[in-house]
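One chain, chain A, links the two complexes that follow: it is found with chain B in the first and with chain C in the second.
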Partner chain A sequence: MGVIYIGDRAAGKTHLALELANPQSHYVKVIAPDYQYIKSLLYDENLQKTKPTEAFKSVYDQYLNVRVQLPTGNKEINSYWLDTAGEIWRKNWQTENNSQWQEFLTKIRESEGILLVLPPYRQLVHDQFNREDFITQQQWCNRFQRWVDFFRYDCPKIRHLLLCLNKADLFCNLQQEANILGYIPNRSHFNWQQRNQYVYDRYFSPIHPQIRELNKSISGLSVKFFITSIYNRSLLELPWLYLGSFLSK
Partner chain B sequence: MFKNILNKLSNKSEYVEENASIRVIGDRQSGKTSYMASLAYYPNASSDSFVQSIIPIGEDAENLVTQAQNILEQGLELEPTMLNANIDEVKDYTLNITLVNQVKLTINCKDYAGEFFSDLMYKIGDSLLDDYLDDCLQATGIMLLIDGTSHRKDSEYANGLDKFLLALNQADLDKGKRRIAVTFSKCEQSELWINRQSGEKIANNRFPQLYRRLQAWQKMKIGEVSYFTTSSFGVLGSQFPEPNSQKISRGREGTKSIIKNPRRWRPYGLVSPIYWLCTGKRNAKLEE
Partner chain C sequence: MGNIVVIGPRLSGKTTYLAALSYLPALRSQKGKDNNFKIQPLNDESRDLAESAENILVEGATFESTKIAEGGVDSLPYYSFQLQVKKGLFKKIENIQLNVRDYPGEVFEKIADRNLSDEIHQEFIDECLMADVRGCLILFTHWEHGTDKFYYKVMSQFIKLMDEKQRTQNLKLAVVMSKCERGELWPGRIDPETDLFGIHLPRTKTILQDSINPKNLRFYALSTFGVLHKNDPRPNRIDQAGSNGSESVLREPNSWQPYNLIEPLYWLSKV
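Here is the complex of A and B:
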């Protein structure tokens, strides 16, 4: 049991996890591993960026213990973050590496919640950035459809799916969005329902049909929407605050 | 100070204690867990309320209170309760309810997954379903929770109930009369709120098939039925009451909503069906 933090390579998961562990936190704190340890593991001081995840491993996992401060006290979330290379979605790879594939499936099926980190698509990214570095909206939708199929057929019991559209600094005014969406106990501008609707309408419109399909096909599933960025603590913490409310311990 | 304690102790014996073992059944999204969580938390109890206190006992019941605070109060929906693979894993909540008239109700309450009731409606001969039914037969009281706005499912409920009553009939008859408290939830919705003191009228008008089945069962003198209305969230204002809930969706399945103003969260009618299940009598004070 626990939470799975997942996404394709280059979605920005490593940097997100590293930043989440930054001790300057509001309501969400990574208690293990320690920030310096994660940094040494993931950050290349010379290149001033996170190290690319080891390419020879198809599935790469790392443990993360997160403490969330909620109205009734603290909750601890055990989470694993999994990097998945493109090849694991190929039937070939799954057959040839059956034990690894099964292990991956078991981990996902046993998890109480899944945080899926998605990169932005080209059309969404502001034009001062190099848009060519990002996949097109159509590619993005196609890729998401594969996730939908994966959840539908391989994880029919999934309860909480949190879609985090990452690198929000590339496509929105972070501070402005954080002011609206941020969490302040008992004084938030939006409640959770409003937050979710706002992000869903504004940033996830290309995949609305897929979301409807997902909701229809998995009974009891709750899909929620977030935008995240390593440059904004408020937005970064929201998915964890949401999850913390539901997890039992 | 000692005198006070002694007084309290001697008063304690004056309490009339009633208890019941209850199973809460109902379709998916009928609001069973919200009902239980609101009951365990009992927010913003009014000082002139007939219910003096509700104390959750044990870890499961305490978890319900934190769920109410972390989830419901923050404007989130509770997750659907899963149908456990094993009936013994179903959470058993214990609550101590003290009323102003010196009555103390202790209830053990199991909140079944909505899947149980939908399986009753559509499945036959499932061993897990049989385990659940067997467990249900151990209860002294059954609360059938129905989303008052899901009247379009009347005939499905009636069919599910048929199977359920049949199983009850086939069980040990020495147990005495069984009580079924039919409780309409989500009564903060204006169409139900105006009839909140006429639960039976709601049953007759909106769920005629279900109502007929239950009345026929009662006539056979093997059980008693009574009708109640509740709202886990309550209403805002007294002169022109409006639901203290924000609708997320409304369909054939009923209404899905979250709380609108947690600071003014005051549930309605939660204890009334429990009182009846424990004592066999209704108490008008709990339905005000």
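Here is the complex of A and C:
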């Protein structure tokens, strides 16, 4: 049970989780473990960036107690944060490390919510950044098709899949989008349906056919769409606030 | 104390209906309205459901479908309500306690498959038709061409099972068309027996009328989301792409006015 983060290499999963624990929070607060502890675990002070998740530890299993402020008050999500190394999605890694792969599949099948962190694609990124560092839209769509196949065949019982198009600072005006999408209990500009439609139409159009395929093939699955960035707290918190409505006990 | 089960196919809106029922006191107090019925959640599960209504429905999201967990039927949510009824100025207030079990739609649909006999399905049938169950609230939602045939199949099998358990004479059935805010159905809500079931689900209606004692059978129309205003009958819902084709969310929470949520339950609970 719990929430799992997955995504490709360098999609920004670790940094996203680390920032979530940052005490400068709005409506989502990581109560345990402590930010400094998580930082010491994941952040390389010398390099000024997160450490790459090591492949031999296919899954970091870390208890994470998150408190979210919902319209009816505070709720806690007692969950296990599972961070995965990008390598485990490679076929040869899965064959060579079959028992670890099976262990991971068990965990993902038991999880209540999955946050799939996606990097932006080349055509989306603003031209002041080095676009060559990003995969093309076609590659991005092909990669997403592999995710669709993974969910369809390896975890056909998932209920909540949250697609987080990360590094939003590279492709949109963060503050402007946060003003529209941001969550303020009982006073939000948008509700979940409007947020979802807005992000889906604006940022996920290249994979609309795959989303339709996913919805058609997994009964009871709810796919929701988010843009996230470590530089904007409102956007960063949204997936957790959404999950909090469903998962918190 | 009345035990009532809420059954119906997948996506017929059972959980959303129960959530709206739990949230009704809050909804009424916001609008400053009062009427003949008052309902209060009594146990933790129904109170949690009222919170979920506020966090999920009012915020423009939808409930996930109810699934059977490992604990079988016993693990399914069991809601308890206190229903207070005052009809007429000088009538005494009636207090009725209702216990309602929410079953996943897939088990209901399996009734049509006569050869199927898995454990959960058997448990479901046993519990639905137990002697202390006063009535069933059966929610139907589709009315399009072809659905009558399927509902007919399910209901004829359900009637057979009632017969096996000697419940044909003493189990009340409130047969409901849910989500009546839909434009095609809304005008039919005044006389649902004729204008909804008679027109869209005639075979289902006939098999029920032929097999169930008329005093134990009634047809209802209900709408959890309702329409925008009494002078603006546009559905208070938005359909969006989602699981199983589409899912509906509440369009304007501030105009939320459910239609006919309590009447069928009240009728079922009456001796």
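Heads up, the rule we're going with is that the second predicted complex is superposed on the first by the 220 of 249 C-alpha atoms of A that agree within 3 Å, B and C clash if a C-alpha of one lies under 4 Å from a C-alpha of the other, contacts with A are read in each partner's own complex, and residues count from 1 in each chain.
Following the convention adopted for this analysis, contacts are C-beta pairs under 8 Å (C-beta built on N, C-alpha and C of every residue); 3 or more make two chains touch, one makes a residue touch a chain.
Predicted model, so just to flag it, every value in this text is computed and none were measured.
**Q** Superposed on chain A, are chain B and chain C clashing or fitting side by side?
**A** When both complexes are placed onto chain A, chain B and chain C end up clashing with one another.
**Q** With the two structures laid over each other on chain A, which partner does A:Leu70 touch: chain B (first), chain C (second), both, or neither?
**A** Both partners.
**Q** Touch check for A:Arg212: first (chain B), second (chain C), both, or neither?
**A** second
**Q** Per the contact definition in the header, classify A:Gln176: touching chain B only (first), chain C only (second), both, or neither.
**A** neither
**Q** For A:Asn46, decide between first (touching chain B), second (touching chain C), both and neither.
**A** It touches nothing on chain B or chain C.
**Q** Tell me which touches more residues of chain A here: chain C or chain B.
**A** C
**Q** One more residue to check, A:Thr95. First (chain B), second (chain C), both or neither?
**A** After superposing on A, A:Thr95 lies clear of both chain B and chain C.
**Q** Touch check for A:Asn191: first (chain B), second (chain C), both, or neither?
**A** Both partners.
**Q** Going by the contact definition given at the top, which residues of chain A touch chain B in one complex and chain C in the other?
**A** 70-72, 159-160, 191-194, 219-220, 222, 242, 244-246
**Q** Would you tell me which residues of chain A are touching chain C in their complex?
**A** Residues in contact with chain C: 70-72, 159-160, 188, 190-194, 196-197, 211-212, 215-216, 218-223, 242, 244-246.
**Q** Any idea which chain C residues touch chain A in the complex?
**A** 51-52, 54-56, 58-62, 64-65, 67, 238, 240-245, 247, 249, 253
**Q** List the residues on chain B that touch chain A in their complex, please.
**A** Chain B residues touching chain A: 28, 63, 66, 69-71, 73-77, 79-80, 82, 246, 248, 258.
**Q** For chain A, which residues are in contact with chain B within the complex?
**A** That would be residues 70-73, 159-160, 191-194, 219-220, 222, 242, 244-246, 248 of chain A.
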